[in-house]
Amino acid sequence: MDCINQLAQCLNQGGMDSGLAQFISIFLGVVLVATFPLLVTILLIWVERKFAARIQDRIGPNRVGPFGLLQPIADVVKLLSKENITPAGADKPIYNLAPPFMVAAVLLVWAVIPLTPYHFGVDLEIGALYVITVASIGTLAVMMAGWASNNKYALLGAFRVVAQLISYEVPLAMAVLIPVMLAGSMSLQDIVKAQYGMWFVFAAPLSAILFFISSQAETGRAPFDLLEAESELVAGFNIEYSGMKFAMFFAGEFMHVFTNGVLMAVLFTGGWIGPFAEQAPLLGLIYLLGKASVWYMISLWVRNSVPRLRIDQMMDFNWKFLVPMSILNVLVIAFLLQVIKQVGLTPIDPNNFIQNLPQTVVLLLGNVFVGYIMLSWVRSKGRQARAADEAKKMPAAAVHAVGD
Amino acid sequence: MNVLNEWAFIGVFFLIAPLLPALPILLGAVFAPHKPNAIKTATYECGVETVGDTWVQFKVQYYIYGLIFLVFDVEMVFLFPWALAYKQLDFFAFGAGLLFIFLLTDALFYAWGKNALTWE
Amino acid sequence: MVVGGLTPQAIAFGFFTILTLGGAFGVVLNKNLVRGAVWLIVSLFGIAGMFVLLSAPFLAAVQVMVYIGAIGILFTFAVMLTRSMTNMRQRFTTQWWSALIVVGLLFVFLMSGVIVPVWGGISPEQAGDVVATTTDLGVALVDGNQFVLPFEVASLLLTAAIIGAIVIARQHEEE
Amino acid sequence: MVPLWMYLAVAAALFCLGTYTVLSRRNAVAVLMGIELMLNAVNLNLVAFWRFQSPLNMAGQAFTAFVLVVAAAEAAVGLAIIISMYRSRRSVTVDDVDMLRW
């Protein structure tokens, strides 16, 4: 942001009205911050296809340009030449607004991401809440797309997707509570700075996992891709879209996955923090994108190797496992933080690694405790269900045996 | 930068963010062929015309998920300030938060017990 | 920055006023209730903008999260569940004109209260720049001397709402 | 800064539009939308008075949050009633709701 402020000063000295100079600098800043993820997305399309190909023992795109790197550009050119078909009976204004809003919902998150110690869109006081808030606009875009298409499949698909998105937003928001609690601030820059001593992923691995799973569900990627289920259902809420509008839904999805990686990096693995990040801000950006890429790769790995869930399994998994676990997690961490404060284990210098250790160990033990309780509970439930199943089958099996 | 300048940034971002993805769509509208006909614009439905309204009646289950989500969303309104101020708070505040969450968890378990969370 | 004698804040205020009242007119006049839900969301988004201008960014974010993310979706679900968008030939009740008179009188009454400086003509300068933060809100919510009781009651109300709504919405399911 | 009376004027107009929706629309879902508008007008007033009268007192923001809770509860239960009504009567127009008349 400092270069933009300098630009404003520069324009001001050049004889321009100070307010106008400020507006121009804000405008340029917005365009800069908003274009960056869009450019990254173009590269991501290649990464995604290459990665999926390798997992499936294929080569992937390799014809256009070196290593097929220009493939996304070829894709864009192809999509530009595709006809945009608007179905008869569509609610045109809403139908046309939905795809840009889908992308915008993801793009807006980048306004508050701290890219380096000194470069960020804005450092909002309520950054963490803003991130969750903006995600809800995407839900609305899905609803509008499904409804405006005037198609039964689209509307049914949209209903299912919306049910999925809103359900998984609950553990997502609950997971974000923990970094906010640990950092004592909702500003993402403050949350990153609070991780100088210790990344939050060590103190709160459960909330990192919760955030990762529910954000994977928010993108609608496998194993949570009921909305598309390309191989079984028709395409879901975007069935009536074609050409560039259809592509926008997918661009939004690709960007969403990477944005989730960036959020994981910022909230749990220290964002731009790394050696010499303060001296050379560019290094900070590289650290951030590197950490984000690791999370992104894990997400792709999950996507390409885990089979799809049924919708009832998905809903049960959320409401009967993730939500209770996230509630228990918040309570246990809150309790332990008070105990730590009373006992006096709170690090005096939060930036010191050694002083952070006792607090982290206690919180980690708390996490292990919560995880153990939830897993053993699920196990006993599963055992009961299997026993009930066996009991039901038993007479039938006996009859069968007699018949033989 | 003062506070309102920050929000000016967000405001401009809200205007620009839908415009950037709209650009390729508009480009597409310029370059792409545009020859609609009755068959092309017909609703996609396995080869036969749509029978009846698109807006068939849906199950109540969707509404119930929306309902529980709404309640947890409103819960967030209170839990975020609580978590934010948590470092300055004492055990009393923890107790208040515990009771707050406990009451809401009751509602979740009620819905669970009534099988309202199960997708049929 | 001053454009045509208006500060950026005044321009933003005008913009949000248009969103708020325009959306409200959409809610009143729409022929299609899904569109009505969209108009409602537009209107509430305008209110969120005003909250930002009033230096309550937390409430603005919450407004967007709860209304656009949850209540807007819930309304859309309800409209579709009751097929309200199909039987809209008669939008208004028969007493719409008498309602218009009543509301007109109400508006004149409220505006007279607003324009006549009942509140000692508070000037913007008096308001001051120091504003309570979200952290203060968090402290106040669980402070034994301030809002801890309403805080718990809010939770109780939400629990009651969830139980009531589930009972009512599912009562025909068994039949 | 924009003076207080402008915010109050917007809130008054919003409240009146909400009231008119409640009084004149036949569809019960639209009536509930009107109620949401009225509650939001109240919220706008609360925040405006908080900002101009006592920006250091938490009552304004806290009460806005509580109004939000009420709005959420109202929407949840109200819409549930409407859905239930639709299932038993196949209609959601307010004229047809006379179940409680006798």
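The first chain written gets the first letter, and so on, giving A, B, C and D; residue counts start at 1 in each chain.
Here, a contact is a pair of C-beta atoms (placed from the backbone, for glycine too) under 8 Å apart; a residue touches a chain by one contact, two chains touch by 3 or more.
The model shown is predicted, which means the values in this text are computed figures rather than measured ones.
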| item | value |
| --- | --- |
| Identity of the chain that, by mean CA position, is farthest from chain A | D |
| Pair with more cross-chain C-beta pairs in contact, given C-D and B-C | C-D |
| CA centroid of chain C to CA centroid of chain D, Å | 7 |
| Distance between chain centroids, defined by C-alpha means - chain B, chain C (Å) | 17 |
| Between chain B and chain D, centroid-to-centroid distance (C-alpha), Å | 21 |
| Cα-centroid distance, chain A relative to chain D, in whole angstrom | 33 |
| Chain B, residues touching no fewer than two other chains | 3, 8, 55, 58, 60, 62-63, 66-71, 73-74, 76-78, 80, 83-86, 88, 97, 101 |
| Chain C, residues touching no fewer than two other chains | 8-9, 55, 57-58, 62, 65-66, 69-71, 73-74, 77-78, 80-81, 83, 134, 136-137, 141, 154, 158, 161-162, 165-166, 169 |
| Residues of chain A touching at least two other chains | 22-23, 124-125, 129, 132, 155, 159, 162, 166, 169, 186 |
| Chain contact graph, described as a line, ring, star, complete graph or other shape | other |
| Of all residues in chain A, those that touch chain B in their complex | 1, 5, 22-23, 26-27, 29-31, 33-35, 38, 76, 79-89, 96-97, 99-104, 107-108, 111, 121-125, 128-129, 132, 150-153, 155-156, 159, 162-163, 166-167, 169-170, 173, 177-178, 180-181, 184-186, 234, 239-240, 243-245, 247-248, 251-252, 311-312, 315-316, 319-320, 323-324, 327, 330-331, 334-335, 337-338, 342 |
| Touching residues (chain side chain B, partner chain C) in the complex | 3-4, 7-8, 11, 53, 55, 57-58, 60, 62-64, 66-71, 73-78, 80-86, 88-89, 92-93, 96-97, 99-101, 103-104, 106-107, 110-111, 114, 116 |
| Residues on chain C engaged by chain B in the complex (per definition of touch) | 8-9, 12, 49, 52, 55, 57-58, 62, 65-66, 69-71, 73-74, 77-78, 80-81, 83, 85-86, 134-139, 141-142, 144, 148, 151-152, 154-156, 158-159, 161-163, 165-166, 169-170, 173 |
| Complex contact set, residues of chain C against chain A | 1-3, 8, 32, 34-35, 38, 41, 57-58, 61-62, 64-65, 68-70, 72-73, 76-77, 80, 133-134 |
| Residues of chain B touching chain A in the complex | 1, 3, 5-6, 8-10, 12-14, 16-22, 24-25, 27-29, 31-36, 38, 40-45, 50, 54-56, 58, 61-62, 65-66, 68-69, 72-73, 76, 79-80, 83-88, 90-91, 94, 97-98, 101, 105, 108, 112, 117-120 |
